[in-house]
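Order of writing sets the labels: A, B and C. Residues in every chain begin at 1.
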Amino acid sequence: MILKIQSITKRFGGLVAVNKVSFEVKKQEIFGIIGPNGAGKTTLFNVISGVYYPEEGKIFFNNKEITKLDCYKRARLGIARTHQIVKPLNELTVLENVMVGACFGKTNASLKESILIAEKVLNGVGLTDKKDILAAKLNVPEKKRLELARALASGPDIILLDEVLAGLNPTEADEMLQVIQKIREGGITILMIEHLMHAIMKISDRIIVLDYGAKIAEGTPEEVANNPKVIEAYLGDPDLALKFIKSKENTL
Amino acid sequence: MEGWLAAIINGILLGLVYGLAAIGLNLIWGVMNVINLSHGAFIALGMFCAYFLFHLAGINPFFAMILILIIGILLGMISYFIVLHRVLDAPELSTLLSTYSLSLIIIGLGTFIFTTNPRAIDIGLGSIKILGIYLPISKILTGLFSVLFTLLLYVFLYKTWTGKAIRAVSINRSAAEFMGVNSTFILSLSFGIGIGLAMVAGCLIAAIFPFTILSGAVYELKSFVICVLGGLGSPIGALIGGLILGLLENLFALKIPVGYIPFIEFVILVIILLVKPTGLITKR
Amino acid sequence: MKKRYTLFWLIPLIVGISLIPVVTNSVIYRETVFLILMYITLAVSLNIILGYTGYVSFGHIVFYGIGGYTSFYLMYKWGIHLIIAMIIGGIVSALVALIVGEAVLKLRGAIFAIATIGINEAIKSLVTNLPFLGGATGMFFNFKIYKTYGGASKAIWFAYYLMVIVTIVTLIASYLIKNSKFGYGLFAIREDEDAATVLGVNTKRFKSIAYAVSAFFPGLVGAIFFFKAGNIEPEDAFHLVKSIEMIFMVMLGGFGTLSGPPIGALLYERLKGVLLVNPLFKNLHMAIAGFVLLIIILFAPGGIVGSLRNKFKKLRGLLE
């Protein structure tokens, strides 16, 4: 058990964004988080990565409590994340972006070492030919890959992927899924927020479903797909519900 | 006792003027998130406009201020297109520096043309005695007109269509555009009004104090403090912030050597910025 | 690692310029070069917090003033040698930066900028009211002080050589930061502070250190300048316009680059020198500076070095 979320509640004034959510993630698992828009998924990520502190509950990472630990220290411990809206370091080159990941994450590399690590990681995500280009000049899928590369370079034990497939066409999405599989095979645990139903159903070992900040289901993709509470939650969003039902057909 | 009363009344009158001086900065900051570093320069420009209108055309500042407001709005709108339009979406440093460069140009040219010799306008309205204290009538008028302009701005922002468009743009520019608002025009108009009010403030200040081309800077610094005290985007807040500052200055002056007052003002500024960067009296 | 040649031409250039007054034994050249070196050091220091870390310090001149006053007071009251007084001046500036930074570095963007102006004005008004620092009139050296250095003339040359050394040290420090892990952390903060935190950068500590380092060197410069001037007063020590000149030099030369600030400083000083002598332009130099700054902001925000780097990619190794 690498990550344990214990009854986490996060409030913003009167709004309860995350409501007593509990789950555990096993090492090298691919763990999916789904739910309608506004369900609190990104807020949950923000609590795990340390951007927010929860009002109630505890977080344990590798058996160490990190609930109120400084954000930057969590990276050192081995928690990396990507953002829903990518945050490239615009005026730095692609290589330099990834070097930052290698220098300040768990890897804690020296500047010289970080260059080698960065080059290796860029190779893995297919951005080697762009390594000396300014991050600002990349297109959206490339920026997503850069964000992933930067997270990988820090040598994490767990990566939090926030809608890493959004905005990608089916071919790009499939490539990204393969990259994610390879990452897991390399020993890293993956926690993924995704809206692309068929993708997350296909790749996850287990999934939890959030709705209005609370966990309404947890289990394997098959279990979750057949859970009436989940279908009801998504009926509020007919488009997603349709995708959901279609994705069920893929897992059968 | 009389010292206290005089301090309070002068504090209020001065504070109203400070408030008016700050409103322009406050509006621009609130609407387009730009800290207008040319604010002081335009206050000074307003002072000189009032001076020349009085000495060359014999127009009393209290009448000239309408003309100066219009001149200010036009100058402001033109300035918007020169210094802000291109860099509005760039990092904040760009707008800081572009408005600062405008200030350098205005003060630089102003120093060249007008020199730094002090000027004054003496309308000769005399004083009246209120509650046992002699107050120059021009000071009272300045205070009253400050309140008037504040209320006018408030009514404009909240009761007219253009004012609502301005508030819409300040909350969400793209959404306002969807509603058919020409946001570029609105932004330039907002900047224009901000500049116009700064110049009017200069005009009114010139009616009661002597000044030089460099006098605007002092009011600019005070305006920062007031904006932080009173909250951004709120005309009434600026006036209240001004009142607080005016009162504090005059009350402190009773007990503390005058030289320490800027120090205290800035310590207050920094403390407020730390505790509540959005201002003490915000609505948002 | 990419080849970095910038220091190979930058330092010889500085040394070369510094030698002109020595070789010609000209007091006029010495005064001009002294000013150039001062400006270079101030611009390069500011660049550390402004260009590398992205925090716009509008009131940076305050550290020049603090270093100047600390050092002057030590020499005036206790006859301490310039080198020691200067270093203490720099350290005091850095300490003030650390303390003030605790509070002020929590602010972002334009609000931080305003706060730094506030700090400069606050300290200026504080110093103006402290009698032991001479109040508004400041302090004057008794010419006896220069005896330790072999007389006034030798003392001024001594200050000059010291300034050369400080300039070179500052440049090397800037280079070392830029090419260190610490520097990369600063760039990350500049580009996206929240992303930097998530990536593991201890943003609070890095910002503090950057601010303190960027305050240390102006402290040294202030110490040397006011020693040479023989007197110090609050208006000169905390002159806000100098702060803006520093920003102008960094922007003109190239914000965030190594060679940009020195080039910007050199150009600015020469431009100012030329304009101030010309009777027509003498009083217009502020307006012209404003105009040039506007052009840079609107059309070439990367400054001279930034624009050259963009246009001529091959020159990048030479023009950091």
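Going forward, a residue touches a chain if its C-beta (ideal position, glycine included) is under 8 Å from a C-beta of that chain, and two chains touch if they have at least 3 such contacts.
It should be emphasised that the depicted structure is a prediction, and the values quoted were computed from it without experimental measurement.
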{"item": "Touch-based graph of the chains, sorted into line, ring, star, complete or other", "value": "line"}
{"item": "Most distant chain from subunit C by Cα centroid", "value": "A"}
{"item": "Chain whose Cα centroid lies nearest the overall Cα centroid", "value": "C"}
{"item": "Centroid distance [mean C-alpha coordinates] between subunit C and subunit B, Å", "value": "32"}
{"item": "Gap in Å, rounded to a whole number, between the CA centres of subunit B and subunit A", "value": "49"}
{"item": "Interchain centroid distance [CA atoms averaged], subunit A/subunit C, Å", "value": "44"}
{"item": "For subunit C, residues contacting two or more additional chains", "value": "none"}
{"item": "Subunit A-facing residues of subunit C, complex", "value": "1, 179-181, 184-185, 187-188, 190-192, 194-203, 256"}
{"item": "Subunit C partner contacts - residues on subunit A that touch it in the complex", "value": "49-51, 70-73, 75-76, 81, 83, 87-92, 96, 99-101, 103-106, 110-112, 114-115, 150, 154"}
{"item": "Subunit C partner contacts - residues on subunit B that touch it in the complex", "value": "35, 82-83, 86-87, 90-98, 100-109, 111-112, 221, 224, 257, 259-263, 266-267, 269-270, 273-274, 277"}
{"item": "Subunit C residues within the subunit B interface of the complex", "value": "56, 58, 103-104, 106-107, 109-111, 113-115, 117-119, 121-122, 124-126, 128-129, 136, 244, 247, 251, 283-291, 293-294, 297-298, 301"}
